[in-house]
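Order of writing sets the labels: A, B, C, D, E and F. Residues in every chain begin at 1.
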Amino acid sequence: MTGVRDVLVVAPHPDDDVIGCGGSIAKHVQGGARVTVVVVIGRERSALDDGVGDAEFAAETAAAAKAMGVHRCIRLDEPSRDFALSRRVHLELVRILREVRPQVVYLPHDNDDDVEHRMVHQLATEALWMAGSDFFHETGGEPMPAPRLVLGYEVWAPMSRFQYAEDIDGQIETKVEAMRAYASQLRHAAWDEGIRGLARYRGALASGSGHAEVFQVLSLGAPAAPGGCRD
Amino acid sequence: MTGVRDVLVVAPHPDDDVIGCGGSIAKHVQGGARVTVVVVIGRERSALDDGVGDAEFAAETAAAAKAMGVHRCIRLDEPSRDFALSRRVHLELVRILREVRPQVVYLPHDNDDDVEHRMVHQLATEALWMAGSDFFHETGGEPMPAPRLVLGYEVWAPMSRFQYAEDIDGQIETKVEAMRAYASQLRHAAWDEGIRGLARYRGALASGSGHAEVFQVLSLGAPAAPGGCRD
Amino acid sequence: MTGVRDVLVVAPHPDDDVIGCGGSIAKHVQGGARVTVVVVIGRERSALDDGVGDAEFAAETAAAAKAMGVHRCIRLDEPSRDFALSRRVHLELVRILREVRPQVVYLPHDNDDDVEHRMVHQLATEALWMAGSDFFHETGGEPMPAPRLVLGYEVWAPMSRFQYAEDIDGQIETKVEAMRAYASQLRHAAWDEGIRGLARYRGALASGSGHAEVFQVLSLGAPAAPGGCRD
Amino acid sequence: MTGVRDVLVVAPHPDDDVIGCGGSIAKHVQGGARVTVVVVIGRERSALDDGVGDAEFAAETAAAAKAMGVHRCIRLDEPSRDFALSRRVHLELVRILREVRPQVVYLPHDNDDDVEHRMVHQLATEALWMAGSDFFHETGGEPMPAPRLVLGYEVWAPMSRFQYAEDIDGQIETKVEAMRAYASQLRHAAWDEGIRGLARYRGALASGSGHAEVFQVLSLGAPAAPGGCRD
Amino acid sequence: MTGVRDVLVVAPHPDDDVIGCGGSIAKHVQGGARVTVVVVIGRERSALDDGVGDAEFAAETAAAAKAMGVHRCIRLDEPSRDFALSRRVHLELVRILREVRPQVVYLPHDNDDDVEHRMVHQLATEALWMAGSDFFHETGGEPMPAPRLVLGYEVWAPMSRFQYAEDIDGQIETKVEAMRAYASQLRHAAWDEGIRGLARYRGALASGSGHAEVFQVLSLGAPAAPGGCRD
Amino acid sequence: MTGVRDVLVVAPHPDDDVIGCGGSIAKHVQGGARVTVVVVIGRERSALDDGVGDAEFAAETAAAAKAMGVHRCIRLDEPSRDFALSRRVHLELVRILREVRPQVVYLPHDNDDDVEHRMVHQLATEALWMAGSDFFHETGGEPMPAPRLVLGYEVWAPMSRFQYAEDIDGQIETKVEAMRAYASQLRHAAWDEGIRGLARYRGALASGSGHAEVFQVLSLGAPAAPGGCRD
């Protein structure tokens, strides 16, 4: 997409951005956009990665972001399994939206198979409305213009219908490399090969070959309407 | 939308194009596009308009099309209440799609409150896939490139969620005028005032004022991807 | 509806009662019923209406209620964006239901496009069950007889199907006047013209002309059964 | 319901009227209404009832109708498993509706677990709209006023939500007796005890005791509006 | 089911286990399995049963469990109408799952008509995933092997589709007897006769006669796969 | 699954069996079962495979079946895009079911993204009921016992939720080889790599590694109930 300066990705947990839209992130960066990732919920620890301290885990996250060329990564560190929607967390996201003012926004799709993903979908949907309204000026910043495109990505539950497919044949290795930066996560599941597999299936389905990420279109702003340009 | 040369509107019955996207049609025409309307099912007669002969009714249709600036109107004249999906009717629509090769396509949304509207939604969805495939070459023509945008419009059941809103404040009078060309239909219901009302509500909802038509985004092609251009 | 003495309207925010069923409220009042409105969530302030103090806003609410002839308006003042369902708030609504003992109840429909509207739908649905049960006697009052009719109204997301339409051709000006009493809200959107538009569309759809409000039928009590009368 | 003169029940197959709303039929008859049953699809034969000839089966149907007090039973005899929606079958039902002009209509609910039940739901829904319109005057008769109440009943898939419950504690034995008239059907399943069981469960759920039939409210006409009376 | 050693039933409130799967519990016990019941939410008191003290109510629960042969009943006593999903309550259930290590699990189906039932469905679904993962080792215990079967049962809203039916013709009297142990609940509704009725209807529907409980299949582990045995 | 003698796979078009459950077919064959595949709709030709004659295409189908070890492949050759549900086609499938008497049945899941797949889902669902009933004895054969397991597979739309996962790590190469036998289909899309990718993603999701096929559980017969054995 030409003319995209800023992209915002809302991720429930660390690495959901890579799984859901890591190839698209890399493609935006290659196209000259700045990509900001907001990770809403903090890390969950397991017996398998107890040896992995916070610093080490932060290094994994940083390495994944670097692989994709992410400009900035913001962590809200909401508590896992105690995450609840509140005015405070809505306003935090509104503040970020009004500062970043993205043209493209990514969030989990509306039916992912993890309750925290669905809660973050709702949080981001509400925050987008709030950020564009005349209300909530305690966040500072001006009301945000509507993004040109808001897309829902898939992590735990693939979508039965999609409205947009991004060709990421040139970015699939970057996506897998970013996933592999999360060495502690790969002890639980072979996510690196899993996401390569899904991208291959989506590529065959969407265009007959290659790799793709597919998305729910949640909101489309008027792209270059006759007689003017939105945003 | 810049660069739109051809638009195709699939209407179940005469006047559904006006109700669902008459303002957008007029806006496309003003932007320089050619708009083709395909009306799938033939006229239903009532006691109230028995006096209206076929020639007179055709004149109403022609006047409506002229008001909006429609380039061409194609009637398939499938039988009302006996309409059934078949290979023949799919191929007729595939043939038209491969000839017109539209960048933007409008069809009834997937949950309209009329069984024939839902059947035409399915017909058009299948025909879009067929027209783009390597199959069905008995229709002649080359496989059609994917449209940039496929939108679902509302007639009998307003959509509870929409993904795209078109500002038609400058086209609302044209839309109402086109509706009034169907004098025989206005004997049954005040559709002219009804559609003005819905556009006013949609305008207030979507942007706080004015008039709007709102749409389901059924498919979005990659709009000017970095490093190339789809279509 | 003959024999309706008391009507209860549950509104998530101030003015939702006007948008959703203001014409029906006025019609009930004209028919001799007392209408009580419960507003669950408090006012949200915006940059545009900072100059509007609480007293001034309260005056707007009072003026709207007066225009429609509302008997009593009860504010629960739950916190916006921090609203959560709890035993306390359920019991507050149960207490009101057992006191008012309405024959007709209005609440937001089950799929409105605002998370607080959907939460209030659920709150009211549960409270209706609780109020009629033998439990929760800490609220005082006797168990409430089942209302004759419980209806869901539309605000942000029009319903794709409805089961009941109220002709408000004689009340549309009152409805618009009540909306205009909320001068501070009209700075954000032309709700006065928006709701007139929707009522016009619903009128054309439901009966061919005039203005209407349409509703989801959530519960229908046996109206004057043979051999007796419920409630 | 007072003032009900005519009731129409649309049944996909023989005995669906008994299972879905046999108690309500008997209650209408006791209240002085005339009940007409339309059975859309013909009898299916099985190895178990081959010995049951058409005359014998017709006698079963007649005995069931007599038990409930049905005024008239109309068979359309559409072919089982070859049933298709067509203009012809729509017009047959429109003709009946315009002749009977019922105040209350019963049809299968919208999600019953039998494809022919769902087809008859759609047929009846469309026919109700057609019968009330100015169109289709080839059926003879005047457009039908909207019924006061259109209800969906349950046969193969109980409804997860219902909006109306009819107390049939006084009619349950009649309902079971009508079912037992279909001796040939009881060889396949103990429907007589099955429907008594469901009515008992619905009674406990809806009012704590007794027997009930529960319904989806598909359409509610304005019952005795202030200042006038619909129909 | 052969080889079932341990069964876990998750019940939102006391007696939901009896209503939803009391016959299956008794059948498991007869087959030699140990059945553990977890009741998540505490008792709600009513005006009708104020005379029933906690000890007396506990005796009712114990009598019901004894009738069915339940091995152990665990009460979490979460507050009614103030119940909220939290890390704490998830971990409590994970701890129990990792201790019991059941082969078969029962929980409310995903669409029951009570908000607390739907919350407990979600709680149990999440806890099942958590208990099997490498995470959450603060609960003690080893990760739990996936159960062979996870089933959803019906209480307030019968399921419109089911995937599994258990013949409980030999257990129906035990189920009703267990229900009757809750003498305080029967003052509100004739649940004993209601559940007998539903089981009768389900029996006729599922196999033509007898009594049955029907279930949603939420998860099926590989039952005795060729070349090995899961769990 | 031990004790499985006969498996039936219902495929809308040639190769859907391979895509949806080719690994499971091979696994059943390795476990000693006979697998019968019914292909309902005939071949569609395209410009790209015009050179591929019927004999050559039949050879592709035979090679795919041979790779998986399919016992018998039955073609109904219903017309593509003119396929309609009828008594005739239902009875053909009932006849096959009553002859094969399978313990496990596979069909397309209920929401696949191709109208003919959804039609075949419905056809097979109805035919399963018909085959087990006392009716339709014109097909010959005795009523079929209920299968132990009926599963829905995914082709064009991956399922957002699944209830059963089959580990096909040992069969993935066979599945891919069977797909490659359809050389004419691979000209349209790289299905061989697409299905390998999906299986890899499903493996990571379902068990952390390997390859899997996932399924909707449509019906589960009582597997080895205490005190007896179904079927």
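Basically, contacts are C-beta pairs under 8 Å (C-beta built on N, C-alpha and C of every residue); 3 or more make two chains touch, one makes a residue touch a chain.
Note that this is a predicted model, so its numbers are computed, not measured.
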item	value
Chain labels contacting subunit B and also subunit F	A, D
Partner chains that subunit E and subunit F have in common	A, D
Rounded Å distance between subunit B and subunit E, as computed from the means of their C-alpha atoms	52
Centroid spacing, where centroids are CA-atom means, of subunit D and subunit F in whole angstrom	38
Between subunit A and subunit F, centroid-to-centroid distance (C-alpha), Å	36
Residues of subunit A touching at least two other chains	84, 188
Chain-chain contacts as defined at top	A-B, A-C, A-E, A-F, B-C, B-D, B-F, C-D, C-E, D-E, D-F, E-F
Complex interface listing, subunit E residues touching subunit A	84, 86-87, 90-91, 122, 126, 133-137
In the complex, subunit D residues that touch subunit C	1-2, 27, 30-32, 163-167, 217-220, 222-227
Subunit A residues within the subunit F interface of the complex	111, 113, 156-161, 188-191, 193-201, 203-205, 208-209
Subunit E residues touching subunit C - in the complex, by the definition given at the top	44-48, 79-82, 84, 115, 187-188
